[in-house]
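The same subunit A turns up in both complexes below, where it pairs with subunit B and then with subunit C.
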Partner chain A sequence: MPSKLVEKTFRMENLPHIWCPGCGHGILMRDVAQAIENCNLDPEKVVIVSGIGCSSRAAGYMNFNTLHTAHGRAIAFATGIKMANPELTVIVITGDGDCTAIGGNHLIHACRRNIDITVVVFNNNIYGMTGGQYSPTTPTGEKGTTAPYGNIDNVFDITGLAQAAGATYTARGTAYHATQTIKLIENGIKNKGFSLIEGVSVCPTYYGRKNKKGSVVKMMNWQKDNAIDVKKAANMDEKELKGKLIIGEFYNNPSTTGEYTERYDEIIKKLGGDK
Partner chain B sequence: MAIKKLMINPAWCKGCGICAEFCPKNVLEIQREKIRIVDIESCIGCGLCELRCPDYAIWLEEKEEKEEK
Partner chain C sequence: MADRFALLQGNEACVEGAITAGMRFYSGYPITPSTEIAEGSAVRLPQVGGKFVQMEDEIGGIAAAIGASVVGVKSMTATSGPGFSLKQENIGYAAIAEIPVVVVDVQRSGPSTGLPTSPSQGDVMQARWGTHGDHPVIAISPCSVQDTYYQTIRCFNLAEKYRTPVILLMDEIVGHMREGIELVPEEELPEEFKIVNRDNNMVDGKPYACAKGEYVPHQPPFGTGTRYNITGLYSNEYGFPTNDNDIANAKATRLMEKIEKNLDDILDYEEENLDDATVAIVCYGGTTRAVMEAVAQLRNQGVKAGMFRPVTVWPFPEQRLKEIAKKVKTVLVVEHNYGQLVEEVEKVVKGAAKVEFLGKWDGTTITPAQIINKVKEVSKNAK
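Showing the complex of A and B:
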């Protein structure tokens, strides 16, 4: 007897989920479900694809057509689904490691093609499922199981990477800013082309514990205090923005070259295959 | 006065405390690792707890109209 949204969009027999107490993924998964509801999409025409990792458990809980695929390959599978049946709304739920490390190449090429897929990255800054190894988004200097003295790598800016590679919609939300994040995902789904929304999650169990961030409430308060809207950030200098988290819609520009499956359809028509 | 009915499913609550922390009217409290409603009279039905509960253990339900016309 949970809320109407949960009853409608989740597989009740699989809940409660296995994520840790306070894990931000639960909030972000609800945001995705709410965004799909707000778009009034037919659940039969929605496909959720995920890879491997904490985030990718989401495909098992959501009551749509779902596919839980190989590590890092969610976008590759999603591309196949979209090409086979462009009518479907394809949404990829993936994590920071799954999307930008193991599946980094799939990500940049899907961006380049501007295929109509919406990717939601649940970014918890660490590999949670496998025990807290540092990921491409673990901030420099922070600790992980595999970086006990601090991570020396530079960080991937996921939205910047996607935009540079050719995505036509990029945005960042957080677990704390649920209302805004729902709207961003909604806009991403509506965009005809490749959309990437980074949802900044909280991982109190690994990232928080390894880096002494305190309880999940404290981590959520950090998001509340340090997130700055992109419009406000435009008037601030580098010094003021140091250590802050910029959220909002970064890029929304439907491509002039068109969407990938549409271009492919043109080729099919040209060769007389559209019968 | 509650505008909508605040519902809790204790079986799903993992006691993270996010809802209690960000409730603007301090309606909620964590007691023995589960969420409890301590001051329902103050609830304004904003739904922030529902939006931020990672476990879908708290939500607002439209109140059934019992009043006669």
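Showing the complex of A and C:
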């Protein structure tokens, strides 16, 4: 029996989803839905925008206004939506490749504008949809089908990148830590400005298999055993933190210059364009 | 507010036409020779309650414009040369997802950075085939500043009516030419330019369903009470992706038929002195001015030349050109490139008349004298 949440926030007729058994994306999708529920938003006024990738397929299953766009461009489409109708709550669901490789430019500039969009990145450290090529978050030394001898690229710290570019809310959760992750997404939606929540996912099919990470259960247990809350991490030294995954709310500071669409509305008002 | 009579550039007339048509959102990235469209939109939109955003690149420019259109706001993006290449993927997105958007390309010379400030019509085939896959295209090429004002309005109207991206294919000649024009207000627009707004009454309660005998769905804007999915994948009548080849075929075919079955409404062309002509000069956009002058002078000299100007370059007015080709000896195509639309003309004329070509690709403009010489030369060949 599907839960009440699923019945209410998903398009039942389009389930089951296309994801592999054990994929972490389904859990994160449910977290997004639960966070929207918790915010008490009118579903008619919620828009979910996604790019291309396994992660981006989430949008189609969710019973809101959903726009499945082009690879890397979700945040740019979302910018037009939010500008054209600021009353809408705009949430972007994207992947690590979609958001930080092909879409990296849109990401940093949306952060810089501090436009009121909430981005949830399903980070599985790989290009899942295309079959396991390395992404900007594939750990150095790990393998992908296009890094057969080990990845020599350095990785992006997505939340650090977003914060440096001007996002006013950043956080990281995992597929395992559902309760915490829901709360982080909720707080991101509530932030009047650009929010980025990284949801660490698992891709057993490609990332897991290529890098001998074992079963899905083992991959999820890794998240459970190695995630450390940011507050606790503050009292730990580098050695203790080696190989750990810091989660929690990293940054939550409303911008001193305000939110983008509000600032534009001030221009319109000044010119009398609102009359 | 803009005055009714003004001395404007084509690019400025484009902005005014767009505002009159109801544009309330613009997003783009500056590039010569289209930049004045961005600048003008930045000035004018907030004055009328609309919004402008300078995006981080051209891809973001068209993406944001499509996003704004999804919530029901008429939107536009403009670019030139390299920027038009960058927009191609999302032109295809708007075509398959059936979202109205106006994409302006003020053509400039050469591939890559080429001759950035020089005129060209080198994108006419890119306008047709630039985005991947089979897709419908409407591209309109204005020939003067006044025409730019009207044709921009027509682009919005067609985009709204057929829910498809429409390309305003300008060129540097028209974009930067200054002329006195009349900014005819909405209420006084001629019948053919009357403002069209999209019909948001869904057929059978399904966002992507079409009424019997019709080819355009009526998806309502996001946020207005119908929650559905939009995707760049082939999808069913609810907008949900499908792998079903029959559904994909139906959608792909309908997208093409949307244009093919409505040619009477979409096609537009201009003719001059063709009744008794032996040479029909085919031209479009900024080249038209030189051709009109050449035809006038040739007529004074007793040479039976006429002009055929596709206003809708795509879809190409095939049927009409076929009829003309049967009556003339020569069809001379004049365009600012190495020979692009001439191939379409050859395909259509199919030997009914001799097809000749006069082109220029060095960044200078074709003069009436060059056209006159060419007409005299080809007339001799035709005897």
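The rule is short, and it goes like this: the second predicted complex is superposed on the first by the 274 of 275 C-alpha atoms of A that agree within 3 Å, B and C clash if a C-alpha of one lies under 4 Å from a C-alpha of the other, contacts with A are read in each partner's own complex, and residues count from 1 in each chain.
Criterion: a contact is a pair of C-beta atoms (placed from the backbone, for glycine too) under 8 Å apart; a residue touches a chain by one contact, two chains touch by 3 or more.
For clarity, every value in this text was computed on a predicted model and none was experimentally measured.
> Are subunit B and subunit C a fit on subunit A, or do they clash, once the structures share the same frame?
Aligned on subunit A, subunit B and subunit C fit with no clash.
> Could you say whether A:His106 touches subunit B, subunit C, both of them, or neither, answering first, second, both or neither?
The second partner, subunit C, only.
> Between subunit B (first) and subunit C (second), which, if any, makes contact with A:Pro21: first, second, both or neither?
After superposing on A, A:Pro21 lies in contact with subunit B but is clear of subunit C.
> Check whether subunit B or subunit C contacts more residues of subunit A in the superposed model.
Counting contacted residues of subunit A, the larger count belongs to C.
> So, A:Lys190: does it touch subunit B (first), subunit C (second), both, or neither?
Once the two structures are laid over each other on A, A:Lys190 reaches no partner at all.
> Touch check for A:Lys213: first (subunit B), second (subunit C), both, or neither?
neither
> Does the superposition put A:Glu44 against subunit B (first), subunit C (second), both, or neither?
After superposition on chain A, A:Glu44 lies in contact with subunit C alone.
> Quick one: smallest Cα-Cα gap between subunit B and subunit C in the superposed arrangement, Å?
Least C-alpha distance after superposition: 19 Å.
> Can you list the residues on subunit A that touch subunit B in the complex?
So the residues of subunit A touching subunit B come out as 1-3, 6, 10, 15-17, 19-27, 30, 175-176, 178-179, 204, 215-217, 220-221, 224.
> Which stretch or stretches of subunit C touch subunit A in the complex?
Touch residues, subunit C against subunit A: 24-25, 27, 45-51, 53, 55-57, 59-60, 63-73, 75, 89-90, 93, 222-225, 227-233, 240-241.
> Spell out the residues on subunit B that touch subunit A in their complex, using ranges where they run on.
7, 9, 11-12, 14-18, 21-22, 50-57, 59-61
> Within the complex, which stretch of subunit A touches subunit C?
Going by the criterion above, the answer is residues 11, 14, 43-45, 47, 49, 52, 59-60, 63-70, 73, 76-81, 83-85, 87-88, 105-106, 108-109, 264, 267-268, 271-275.
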